[in-house]
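Labels run A, B, C and D following the written order; every chain starts at residue 1.
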């Protein structure tokens, strides 16, 4: 019995280190988003309001920063919700999680792409890359989740069948939803980004607990 | 009883992960402030003192770096003081905290804005953006705090009414104080930044414990 | 007995702090890799597909990013596997670990080198620097490992002779393997990077547990 | 008795959070040092060895990177050694520690200064700024240490008088030593940096435990 209890503790310690590591990547990715907020270049001898105008012209950067920041925040909350149910991880979960983290670190890049090309003909391509990355993020969550569910011993014993099924459905929904958002990108950039935001709000609302 | 004790432990573990995550963002934001310290460009064949002069001319960067570093440090201390009283968090606290973290990551940007435009006509606008961000920071702290106070079960049971009331007043004060600093920015940049610093010293002095 | 138990606990706490610190460096290095993903410069008036083409032309950056990300991820897993066996560390292990972390932080630099010069005559040199860094990484792992093995009291008492021998052989293999990959870099860049990736997959497969 | 034990635990938890926060800043500062390693610009049509030569010409960057990396690593070890003796912290220790962290985040800047101007007449000024920062680092360590020693209740009760005195002397030595290194910078840059490195080796050797 004691050794079983210790195995559980060891497993939880391992999971704890994976969570802390993932949290680190999420936190850094969120902070690096702010590097997209660039100090505008204004002629030093220009009038006082020139800087205000230059800052105002950068509004797509601010929208992109805020949207991506809360997106990654909700990804973090979801990650958290998922790992609350995990007792220990295997190498497959570890790599699926690595794939998710890799995509997370790329979000500042795709965000900068959208804010740079928002007012050019390249906007649709930039937006499709942005939403397409979230299709992959959805794939990553599903990959992690199904690796866990298929080795039920990786989950805590108090995880109910109903919760598992509900989460499975929620995660699975992400793939078609972001595929649609990516398709819409080529028609209407604003609708596509709006759908993305709506989806994140949906995830946030359904992830009732922290 | 045991399950109640476990629920408390679980809640504290959750809060612990939120605190660790927030600490990560604070630490990264503080370190990124140092990216505003730029190596000046000096003609390699210039005299030895040309570099010293170029470095000296960058003094607004140093002041901005030091001020913002200690500002974020005190924000971290305040965050710490607040979360010492918290037993668990709900989704609303989580998002209010996310809003605070988002503003924190933007501080290196607003700092760079002030140090770049300090000696130009744009100084007043830059300073108003800098102090205006702290109005929002104050709003974020109040949002977190009142979300906690309105769901008293989120606070630890040993949190006394008097402490709660005192903290409520302290946080609330922040909003008008930074609004005034923002208004002063359009009259006198130095007075505005001086007021900001004075306020941080006030928070530091009143946050007696770590 | 109690003080022995406390000494073990103290030792584990120390190791825990070293692990957390190392995890931080790994996480930041992995995230900084994404800074190599640059927003391409496209004439704002160019056609919609100009951006898609410019993004496609950057493919060596994406390959380099993905390869290096998973490389550092597996380095982290290996680090983890090793330190799971460690009870406490001495100053020599600390510096060997510092050497490993230093090389880890340099991976974004060597990665950028490869992706920048992949299609130029400099590719072979860039690739040799990239793989050469992994020779040093292998040296670092061996240095840490043999410092631990030579002071067996630093390892946990349940570390079996067989596991130790097997790990010693695995780590030792890394040095000639990466030396060969570095030599191949001067003949065929793709073969060299392919060998590197194959090696990381080998490490990943042999590091069965997290 | 129980509440005393709990107070100790609380205090240790607080110290733990301060340590984790400081570790984060140390880890990020160490990783940012690698941003000074720049991919050199070489004409894409140049011969294969042009890149090798360009990389070789950057040697001051590599020396600076390695020196500063191990410097910050030893600062981290020292920080660790010090806080192992601490039971809880007060606001003064917190700010002294903040001052130390601020200087730490500035090390990538002073390092870049030295590596950029190493082969120009500005080298002496750059080197004096680099070593001068370590004078301040020494002041910070002494400020933390004497704040702790003057409120002996902040230290753990098993901290012996002899250890305290020895550490006090070690820390105090840092200030004149770095002042001398700074003075030497104006005579001989290499001697100054050599003295700096020698000092870090001395600290490392005297910090026997982790």
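Please note the rule applied: contacts are C-beta pairs under 8 Å (C-beta built on N, C-alpha and C of every residue); 3 or more make two chains touch, one makes a residue touch a chain.
Everything numeric here is computed off the predicted structure, so don't read it as measured data.
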{"item": "Chains contacting each of subunit A and subunit B, listed by label", "value": "none"}
{"item": "Shared interface numbering between subunit D and subunit C [over half = same, under half = different]", "value": "different"}
{"item": "Furthest chain, CA centroid comparison against subunit D", "value": "A"}
{"item": "Centre distance in Å when subunit A and subunit D are each reduced to the mean of their C-alpha atoms", "value": "35"}
{"item": "Euclidean distance of C-alpha centroids - subunit A vs subunit C, Å", "value": "25"}
{"item": "Subunit C: positions in contact with at least two other chains", "value": "20, 24, 28"}
{"item": "Chain pairs in mutual contact under the definition given at the outset", "value": "A-B, A-C, B-D, C-D"}
{"item": "Subunit B to subunit D touching residues, read off their complex", "value": "19-20, 23-24, 26-28, 30-31, 33-35, 37, 39, 42, 44-52, 55, 65-66, 69-70, 73, 76-77, 80, 204, 207-210"}
{"item": "Residues of subunit B that touch subunit A when the two form their complex", "value": "14, 17-18, 20-21, 24-25, 28-29, 32, 88-91, 94-95, 98, 101-102, 105-106, 108-109, 112-113, 116-117, 119-122, 124-126, 129"}
